[in-house]
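Presented sequentially are two complexes of chain A, the first with chain B as partner and the second with chain C.
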Partner chain A sequence: MLNGFTLALVYALVALGLTLIFSIFEIINFAHGEFYMLGGYVTYLGFAVAGLPYLLTLLLAIVVVGLVGLVSERLIFRHLRGKTLNAFIVSLGLLWVLQAGAQLSFGVLDKSVPSAFAGIIRLGGLIISVERFVVVLAAVGLIAVLYAFLQWTRLGRAMRAVAQDPDGAALQGVNIEVVSMVAFAIGCALAGSAGGLLAPLFAVSPAMGALPVVKAFIMIIIGGMGSLPGAVVGGLLLGTVEGLGSLFFSSAAVNVLGFLMVIAVLLVRPRGLFGAA
Partner chain B sequence: MTRLRSHGWIIVLVAVMALGLAAPAAAAEKTLEIGVLGPLSGGAASYGVELVRAAEIRTDEINKAGGLKVGGDVYKIKLVTYDHKASAADAATAANKLIFQDKVKYIIGNAVGATCNAVQTVSEPQKVLFAFVCWGTNNLGPDKPYSFRSMLSQWEVAEPFYRWVKDKHPAIKKIAIISPNDTSGLDTNTAVVKAVKSLGLELVAEETYERGTKDFYPILNKILAKKPDLLDVAASPPGEAGLILKQAHELGFKGAKGWTAGTNPASLVSISGPEAAEHLWSPLNINVKSDFVDAKVRKFGDEYEKRYKEVPGAIAVANYAAFDVITKAMQEAGSVDTDKVLAALTSRPYDTVWGRLAIGAKETYGIDRQFLYPMVISEIRSGKSVDIEQVLPAALKVMKK
Partner chain C sequence: MPPSPALRRPLIGYGLLAAASLCLPLLTRDTYYVDVATTILMNLVLTMSLRLEMSTGQLNMAHISFLGIGAYASTLLVMRGGYSFWIAMWVAGLVALLCALPIGSLALRVSGPYYFLITFAFSEVVRLIFNNFFVGWFGGPSGLVQIPKPDPIRMPGLQLTFAGKVELYYLMCALFLVAAAVLVRLDCSRFGLITNAIRQSDLLAETLGVRVFRGKLTAFALGSFMAGITGAFFAHSHQVLHSSDFGLEPMVLLVVFTVIGGAGSVWGPVVGTVVLTVVSELMREFHHYETLVYGAVLILIMLLMPEGLISLPGKLDRLLRRGGGGEAEAMGVGVAP
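And now, the complex of A and B:
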């Protein structure tokens, strides 16, 4: 159960990035999981290969993936704002390009990243590794920083304005181009941070982005497309259901639970828990 | 000038005739295309990579020696490889491509049981000789006469391995096993459960997971609550077995560890770290540098390491041996016709990198199609695989009698 929360919080970072990009660009970036994968490989190179301190490597993963996101926005995605079908095809293409690039650069085999923090914490009957505890703290910290940025900074408020009404925001003097570019970079950096956080827990591999992005889609459909609080609440709900489910069902059945939730939400409340009508 | 020009024409004519005469001689050298399948990406990728690399080494050896002389022909071998990502659907597509598009009559190399079944639906009716390292029981049988398993499976090793555990470590009583939820995994679990129960040991947990799983905490929490003395990661591939052991170590598991159908400890340790894999026993692994193995294995291991900067595991050795045995059988048959090669293949034992290799185990599968050779139990010590003891599979004991 606790473990379900740990992973849900990290996948919520992926979901937040995905939904941030959706709210500004009105497109679904299917290559979002590949930015998570890039974060994993930056951590592998920085921490496992170069021997840099883990937290510095995590920061590096956020910055590097953010920059890659920024370049992707300038070269590709800024031309696709609002063009759902074009963006769907282009982002699928980018997914394959980035995966093949990782395969050519690092090979097809999993690469191990050593544990960043050793030891376990016992709280009564609860057992959690120090490493997973640090991951929880880091994920909560990053979500809090994102919330503060969007709530209290000028650029963050501009992003919310563009998400609500781009034309209205432009009339108020908001530079849509700059805001979109930064939002895309932040969205990718969030996925990169998730990759960096989970790399020492799991190995890194070219196809590692598939699972988190599926979970992220489930979370944002439950929470409501384009809603940032919805992504976090959707993540926590999914974590709770999967955590509880794993106590009673096989792993195959647990994987289905998230999709059952999606079907239920789409039938009963298609806009999700926090989505706009 | 005219004379010179006419002489020139004669020279050109002679050259063309010489080339024309030479052409049939060159045509005598033929190309034999051999298919290699396997997961080349995803959690089981190390299996496919080893299969392909071993095939490349043996192919290069044959081609550099002038080709494979079969009857009056000399064949250059060309490999055709496809990645099926451990998916049965992709394997069926790849088998169709190999057999109907590339026209191969031999597929030497494949891993993951469900994919073998998928390939066999195409290979058997087309009489394509198919050698693999998949561990499903139903991959061999009288209804699949063109299929061979080139590596010992859980059905050959589980009983002797657990007998060894019981004899050498009598304190171990409670066993837990975990495998992928597919043909290879379920079959391995069945073989281990049968061996464990027949030896009077207690099975406290039998779990499966979906391939590609990264987080094993939920399953491990269930398993470790039963307090097993030995955790067997059974049919888990190196990447996933490494993660299971790493996460079990994080959760404080201190018991013994087994890997009944494990094959590449170096890959496992690279994921789990040496501490989490310490004292892991495996009956299927091969340490190519050990004193237990034939000098030919050490030579193959050196070449593999030189080329790919990695140490080969048992799957690489098995596929190298399969290529070796099947190409020798082609020479013995004097033909590349699969029916004739099949007859030659099952007619006698062959000397291979495994040592003397027999094809048998009719008592298990109803047909002699299992490669049999001595198995070695190894242990991970400080991140390195160390061979402990050589044991004979029961089927090989039967044949020796």
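And now, the complex of A and C:
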């Protein structure tokens, strides 16, 4: 149950990035899971191979993946704003390029990353491993930083304005190009941070991005595409439902449960729980 | 009666396609190439029917599920029910159609990215059901094996068997030519005009008296019916079924074929499917590099030719005529208000 919660929180980071990009570009980036994968490999290289401190590696993963996101926005995605179908094909192409790139550079086999923190914490009757505790703390911290950025900084406000109404924002002097570029980079960096956080818990592999990205899709549909609070609430909701579901049903049935939730939400409230009408 | 001018070009295109697909086995009897050609024809029915649905502006990510529903339905009818393939094939199409009506009615209440995602959710539910539930019927994760080939046809003076690759190719070819005839004819019919109107602006179409929902659902149901019949062929020619045959990966390929070819034209999926299949066959030996190059090619084509490969002749034409008076006319925007 607690493990499910940890995972849901980290996947919510992936979902936040996905929904941030959707809110600005109105595109579904299928390659988002590959940015998560890149974050995992940066952590593998920095922490397991080069022996850097874990938290520094995590920071490195965020920066490197953010930069890769920035470059892919400049080269590719800025031409695809609002073109859902073309962006879908392009993001598939990027997915294949990044996955094949990882296979060629690191091989198809899983690379294990050693545990970053040892020991356990006792909280009354509750036993939590320090590692999971750090993951939860870091995920919550990143969500808080993102919230503060969007709420109180000039660039963050501009980003929300572009998400609401690009033309209106442009009329107020917001530089849409810059805002979009930064938003895309932040979205990718969030996925990278999730990859960095989960790398020591699971192994890293070229195909590791597939599962989180599907979970992230379910989360942002439940929460409302383009809504940041929606992504977090959707994430926690999915985590809870799957956690409770796994007590009663087989794992296959729990997977079906997630997709049935998506169908139900889209039929009852197509814009999701937090989506604008 | 000579065909009307509006039908002449589609007829020529269809004639060429029919001639090419019928003559292909005369060029090579190599079972590998015949196999690849059969897969191309099968994918052509799927991409062309997917494009019919996309002509209403909706990308149905559950299209592959109806291939699966048809495949499992026909397999069960033949293996458990003891029916002939020739009956099971049509029933498979009908079963897919019957499943499509409720799924389509629900999914088509939303549109755009939401439709894309809800159909994806439906397709995953269908795949997970094949993979994990009713194991006694669908075979669970190990799938179904030893599916018999289509029964031979015995009539006085005529005997057709379907044991070999070439015979199966001609069977698929017949299915393809019928499906393509229907789809090409539909494209230049009143229904084609309706779907185009819905894609360009469903609100405007509705105010003009077009029954938008019915148009979308009809396209969805017809596309699913074709996918279902193709599913029957898929099951009995491959002779094994696995739930992953109907998952995200093959679905994504269908979308790639269609959009890279050009979803705006009925010939787009044909160009996309044939070109991309041949390209990936040629690159097969490069392994990981194949995926790398393939991905990069997709990105480049979409950035340079957003309308797909089918727009290439028009683009070249415009390039050659640049500076002449024909440019605005060729762009089709000359007298836009």
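One rule holds in what follows: the second predicted complex is superposed on the first by the 271 of 277 C-alpha atoms of A that agree within 3 Å, B and C clash if a C-alpha of one lies under 4 Å from a C-alpha of the other, contacts with A are read in each partner's own complex, and residues count from 1 in each chain.
FYI, contacts are C-beta pairs under 8 Å (C-beta built on N, C-alpha and C of every residue); 3 or more make two chains touch, one makes a residue touch a chain.
Just so it is clear, the structure is predicted and the values come from calculations on it, not from any experiment.
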* Asked: Can A:Val268 be said to touch chain B (first), chain C (second), both, or neither?
  -> neither
* To do: Have a look at where A:Ser246 lands relative to chain B and chain C in the superposition and call it first, second, both or neither.
  => first
* Asked: Who does A:Phe202 touch here: chain B (first), chain C (second), both, or neither?
  -> first
* **Touched partner set for A:Leu123, first chain B, second chain C, both or neither** => neither
* Asked: So, A:Asn3: does it touch chain B (first), chain C (second), both, or neither?
  -> first
* Asked: Is A:Leu109 touching the first partner chain B, the second partner chain C, both, or neither of them?
  -> first
* Asked: Can A:Asn255 be said to touch chain B (first), chain C (second), both, or neither?
  -> both
* Name the contact category of A:Leu171: first (chain B only), second (chain C only), both, or neither. => neither
* chain A positions touched by chain B in one structure and by chain C in the second -> 103, 250, 252, 255
* Of all residues in chain A, which touch chain C in the complex? -> 22, 26, 28, 76, 79-80, 83-86, 88-90, 92-97, 99-101, 103-104, 217-218, 221, 225, 250, 252-253, 255-256, 259-260, 262-263, 266-267, 270-271
* Asked: Contact residues on chain A for chain B in the complex?
  -> 3-4, 7, 103, 108-110, 112, 114-115, 120, 127, 129, 131-132, 198, 201-203, 205-208, 210-211, 243, 246-247, 250-252, 254-255
* Residues of chain B defined as touching chain A within the complex -> 40-43, 45-46, 49, 181, 208-210, 212-215, 217-219, 221-222, 239, 242-243, 246, 250-252, 267, 270-273
* **Complex contacts: residues of chain C adjacent to chain A** => 59, 106, 109-110, 112-114, 116-118, 120-122, 124-125, 128-129, 131-133, 252, 255-256, 259-260, 263, 288-292, 294-299, 302-303, 306
